[in-house]
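Two complexes follow with subunit A in common, the first pairing it with subunit B and the second with subunit C.
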Partner chain A sequence: MSVLITPDSDPAAVPTGRARARRFALPVTRSTVAGLVLVAVNVLVALAAPLLAPYSPTQPDALSAIEGPSGAHLLGTDQLGRDVLSRVLYGGRYALLISLSATVLTVVIGTILGCLAAYRRGWLDEILMRILDSILSVPAILALLVVVTALGSGAPVIILAATVVYCPALIRVVRAAALSIVGLDYVTAARARGEGFWPVLAREIWPNILDVVMVEFAMRASWIVLLISSLSFLGFGANPPTPDWGLMVSENRSLLTVVPMATVAPILALASLIVGLNLAADGIAKARGIDRITGGLR
Partner chain B sequence: MREPAVKMMKSTAIAEVSGLSICYRSGERDVPVLRDVSLSLAPGEALAIVGESGCGKSTLASALVGFLRSGSRVTAGSVRIAGEDILAGSAQTVRALRRSQIGFVPQNAGQSLTPSMRVGAQVAEVLRMTRKLDKAAARAEAAKLFAQVRLPQPDALVDRYPHQLSGGQQQRVAVALALAGQPRLLVLDEPTTGLDVVTQAGVLALFNTLRAELGIALVMVSHDLGAVATVCERIAVMYAGRVVETGRTEPTFRQPSHPYTRGLLSSVARIAAPGLPAGMPGSVADALELSGCAFAPRCEFAQDSCTQGDAPELVPVTAEGAVAVQGTARYSACLRLPEVLAAPAWESEVRPRRPRERGEPLLEVSGLTVDYRRRPDPHTGPTVSDVDLVVHRGEVVALVGESGSGKSTIAWTVAGLRRPTSGTVTLLDRATVPGEARPADLTRTAARRDPAVRRQVQLVFQNAATALNPRRTVGDAIVRPLRLRGLRRDGAVAARNQVLEGVGLEPGHAERLPGQLSGGQQQRVGIARAIAGGPTLVLADEVVSALDVSIQASVLRLLDDLREEHHLGYLFISHDLAVVRGIADRVVVLYLGRVCEEGPVEKVYGGANHPYTRLLLASVLSTEPDGAPGTGSAADEQPESAPPAVGCPFRNRCPHRVEGLCDQETPPWQELGDGHRIRCHVPVADLSAAELGVRA
Partner chain C sequence: MLIKVVGRRLAYSVLTVLLATMLVFVALQALPGNLATQLLGKDATPAAVAQLDAALGLDRPAWRRYLDWLGGALHGDFGTSLVSHQPVLTEAGGYLRNTAMLAGIVIVAGITLSLVLGVVAGLTRDRWPDLAISGLSLLGMSVPEFTVSTLLVLVFAVQLAWFPAVVTAGPTASAGELMQVIWLPAAALTVVMAAYIIRMMRTSMIDVMAGEYVTLARIRGLSGPRILFRHALPNALLPTLNVIAINIAWLVGGVVVVESIFNYPGIGTLMLQAVHDRDLPVLQFIAVLGAATFVVCNLLADLAAVWLNPRLRTPGRAG
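Showing the complex of A and B:
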């Protein structure tokens, strides 16, 4: 006698471990894996840069300035004689740290405000949405440039500015996802139990919009990385001699024909991170989009 | 057995299903949904396909129109419509068959209509394509079709959008759409599920009229045996993808020859047999791949031999005499046929109403008014107006009415999810709270109530699937209210297991997610969550309407057991009068948010009634042969959208309407004794006389 296990059947034979695993399991496709691997490699390299880098990323060496790739300098050197490979290995640290902090802050604030707007509705929702509209109407890079010019380019300033700039879009997405949840009976049941906003958010809403938030996290992260690197390129982000991809491109672009690797290597590194983040975001979105449990969500 | 002796009809059959098997792919396995199904339908015949959800009914209905759900494929057999194979035919053949031979009415008619297109234009589109009519002629023809499906004011209705129609009207438009191609076969997938009783009776009457007028053949998929008995003269009962019994409806329902049919019939709540129906244990989900008879694990007649070998084949049922006409004979796939036929009727299994000890008054609602209107409007009144209610401990008070009658609004107000506009709602019996004897004010919202008050009032929802958080385990759902009661760790786990066992589940279920449970189990979890709160008052909002009949019966019994065990008071909201008759002690009938009748259940079901209650009772379907419902006129299914500011809310539909009185003055209460009273201007004696006239 064979027993059939379908999602609808009485799963007497389903081990409890699977039940737990299924809650957080992420159906994986090849491109998702590729994306996650790219991101992981970038993070690992940034963390392990002091071990991997053959030279100091900031120590100038006038004798070996502007050299092509060689045995001593695999990717050559820049105009101050700094080893390009070492600078590229270190170069992700600044962008990753700032972007990660800004993304986490954006997602946390955005999720809370988005859920709050969906849960409370009424005047709070209205006012919040109008404020967001006005922020959304200002181009991101312009807003950041104004902030940095006025308040300086310290890391906390840039993190906060990026958060303010990217929160509105995230709040809108989370609010839309949460709106389809707050009307459901299990939220009503929680309200009838007398639960306040925070328990309802944490127990009833959050687990059901987790996939949306995950996709948003990966997507916002790639945008913010680009934004931070753009700022550095424009000279408003990392200050010399900090090794940073955006800054490296800016410093070395005039020598593109002489030592192309000094410009191309940081671009490739930045591209790998952003492509990785985008692939991961797409993969998660696709995988969760067809998820039957939240079929109505997207 | 391949084809049950219907070969002689082959040449004339409009639909012929032979040896049809369909599988769908799940992971790396093929799961059978239909197995060796053979059916034949003569022109003009009406065949019902019944069974619980998951038995393959809808798959069969889709196969009849040549549609397979993605991922499924035909492994054997064929479906012939008017002699042509619709599953193997070319795209052109299939289109031609669908255009000229078959009309399909999908399960949810409201969702099957295009929301951005006028309903007339949707029908005209079909007419212009199939009959090559020009624009004006198509429009006129659409109006004619609307008249044929008994839609009121067809000429005006063609210019409406779907959202401007009621559920029953949408269903009629969907039928008109299916009829536009002048089909010879109409396939109806759960055509009345989700409709109000009065609307349902009207739509079923329409099917009968259409058959008489057009000679059209019907295949009706339904889990509602009453609806089936009203329309179809032949029936095929499906279990786990197989036809287990087929024959004429009336003898099949009188003396079922398969234990599964017997189980289904015994699960139906009957208005004529007050009490809770017997129900059937288990569910179909476990049965799809069993060897031998798939029904054996749930069967009261099963023997060891039933679980071995191949599935039993359909054999002619001859015990009640010679087979009269070939092709209309009865067949049953049961190895224990003689025993099943000889078994006594199942009425003995109905659990009669137990004597109730009516406790202290628990909930008192007085003059409750809820107004959703944004600004005052002299032509309409508040949504719920001047409702009085008392629920005692250990008592079930049923709120009855069509959708839009304000039943759920009242429950939500009591639950503290809405603030009443005026009136008082009081929780009287606080005996379960130590040291607290004062009545609690329930006009406050849940967030502002005392925690002890919140615990005392618990909700159970209609749709168990949306009532449980899909990402949290069953255990989480039940432990949460226990935590709010102050139980910690081991105590909470022990209490959780106790609650689970109390609703017929196992402690092992605590680790599951709601998606891994069957519909009946989910509803049990919903009930368990309410019980875990330690309530004295349970608000049950249509708790069994979304469930299969077999599960309905067991959930009703569970509710009754819990009421007795915990001495609970229920506010039981339902539109199913047969279910209400079985479980309720007192009935409150609502129309447009106004109480029009209330009283003890025996009085309401056996005495003089308000005209609206009379209409509701006349619309109740029955599986008994002579139990056809009163065929209401189309006007009967037109609940007004807004309640009137003055007068009787029911006046526009009332046959006893007194001009100049009913629309001017709110009707007075007429006391009929034992707490039974109706709110009507017409003297009770006149109402009763008129009622007898209707019956005769």
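Showing the complex of A and C:
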């Protein structure tokens, strides 16, 4: 919940000599770079999938069903004869699109409400915190399943549900970070000048909580990707024949003995995305002395 | 003072669970279209819909239904399953026991394992045991439960054939039968849960070992194990307690996925069935159960922290 200074700082985070000269706003550590590269590769592959994929990801081909890796199909085919490599290349699109939308919504709403709660305090803060606690108390998958049962599993429903589920933890973290800022003299001065909530938020609070929000963004994104792909796996996310990593694992699991690559390839792709997000979150957190683990609830 | 703090914390917990039941109720019963229409199909006659509405009590305002449900729930009556027409608690009983068995094993094995690994990583900071453990725990955090489960099946059920890939026992299977098949699901949940606890334990171990009182203990010539168990560990455990509590509560969500993969007859499998059948009373019960578990775990962690904290017991002896 609180933002602590960890004793655990990456040696690469300390800028020395030449490194200091070309240091820019984003804290550049080795793990941050590795993480961001992994994420960027995933995003680029998802965007360029139509150019990269050798076959259509959805077109069944009964004649070449359930084949092992070969020259024609580098990762083999699934039970409908679809090329696994093509499906893996396309497979990040659904998860990335849904997760990115949900993460952006979560971070924007969470940051605004968190700052508002810290800024206003009083009864608004108190009521908001109690409601957030109760949302937090329902485990994420359970909450998503409840929402999906009630409202169906369309993309907008899942995005909004994931936002509602992950906002509370973010609001708490941002509120804690903002609380230490709103008491400072320059905020008091800005309020005394008669500036309203939005100018104070944009000019005084936001620059000072940017670190926390950046870490939260990467961390929430990794949790939301996990959640969305779990939902797909359970059959409540992407609909067949959409190529999606979570869905692919659930489709090809029964053929694990025959064509293991059809299951293992999407798992590796998914893991690379989430490892990337986690490394980025870790790197930024370490460089800025933010304790990531106590930084929120999952 | 202590009683006041604990009392306030208790009151908040009750309020949180109460609000959570309200949210779940609103999500399930107030938002969607007519339940009777959904159960009877789109072609149902208005008369039949009205009749079922009356039978289910849906013709009354939502707040009345909520209060009725809450009154019943306080007496252990969570309504009647729409599918099996049995009381929800009877229906869920067997599944609950099975999940409790699974969770019990995971909690005991998972927490022990992750505390040991976390301590080792913390003590060997930046050397190879730490790098190996930290790397593996980052990986554990980064793969969803269903991938861990699938890989475990691939290795231990398919390649080595040590365990069955799916559980064929039903909800009424005996404990002995389940003990033979429980290990793969338990391992999958342990892997994912351990990652977070290991990371927290490592960080707080490093923090504590850098403390002045540990240096002082070293200067006094105390033995390594004595410093570790008497001085460092109790303090390092404090911040880890909350992470453990969160992860125990998270188990309730994690079991949904893992149980469905192994077809383990626990509360998660029951929940997925309820989602498919739109069995709202069962779904509501499980969601509320999840919320209550979360709140109780956090409450226990907070109380344990108050109880463990030496500064509250004997002020001024912390050095």
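Note that in this section the second predicted complex is superposed on the first by the 265 of 298 C-alpha atoms of A that agree within 3 Å, B and C clash if a C-alpha of one lies under 4 Å from a C-alpha of the other, contacts with A are read in each partner's own complex, and residues count from 1 in each chain.
The rule is simple: a residue touches a chain if its C-beta (ideal position, glycine included) is under 8 Å from a C-beta of that chain, and two chains touch if they have at least 3 such contacts.
Nothing here was measured: the structure is a model prediction, and the numbers come from that model.
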If we overlay the two complexes on their shared chain A, which of subunit B and subunit C does A:E204 touch? Say first, second, both or neither. first
After lining up the shared chain so the two structures overlap, which partner does A:T149 touch, if you call subunit B first and subunit C second: first, second, both or neither? second
Which of the two partners, first being subunit B and second being subunit C, lies in contact with A:A118: first, second, both, or neither? neither
On the A-aligned overlay, A:A189 touches which partner chain: subunit B = first, subunit C = second, or both, or neither? first
Where does A:A178 make contact in the superposed view: on subunit B (first), on subunit C (second), on both, or on neither? neither
Going by the contact rule set out at the top, does A:I158 touch subunit B (first), subunit C (second), both, or neither? neither
When the two structures are laid over each other on chain A, which of subunit B and subunit C touches more residues of subunit A? C
First (subunit B), second (subunit C), both or neither touched by A:I141: second
Once the structures are superposed on A, label A:V249 by its partner contacts, choosing first (subunit B), second (subunit C), both or neither. second
Please report the subunit A residues shared by its interface with subunit B and its interface with subunit C. 6-8, 293-294
What residues on subunit B touch subunit A, complex-wise? 26, 31, 54, 283, 285-286, 288-291, 307, 415-417, 446-447, 449, 451, 454, 457-459, 461, 463, 466-473, 476-477, 480-481, 484, 508, 511-513, 515-518, 521, 529, 533
Given the complex with subunit C, which residues does subunit A contribute to the contact? 6-8, 130-131, 133-143, 145-151, 222, 226, 229-230, 233-234, 236, 246, 249-250, 253, 256-257, 260, 263-264, 267, 270-271, 274-275, 277-279, 282, 291, 293-294, 297-298
In the complex, the residues of subunit A that touch subunit B are 1-4, 6-12, 14, 16, 19-20, 22-23, 184-186, 188-196, 203-204, 207-208, 210, 292-294
Of all residues in subunit C, which touch subunit A in the complex? 12, 15-20, 22-24, 27-28, 31-32, 138-139, 141-147, 150-151, 153-154, 158, 196, 199-200, 203, 206-207, 210, 239, 242-243, 246, 249-250, 252-254, 256-257, 260-261, 271-272, 274-275, 278, 280, 283, 286-287, 290-292, 294-295
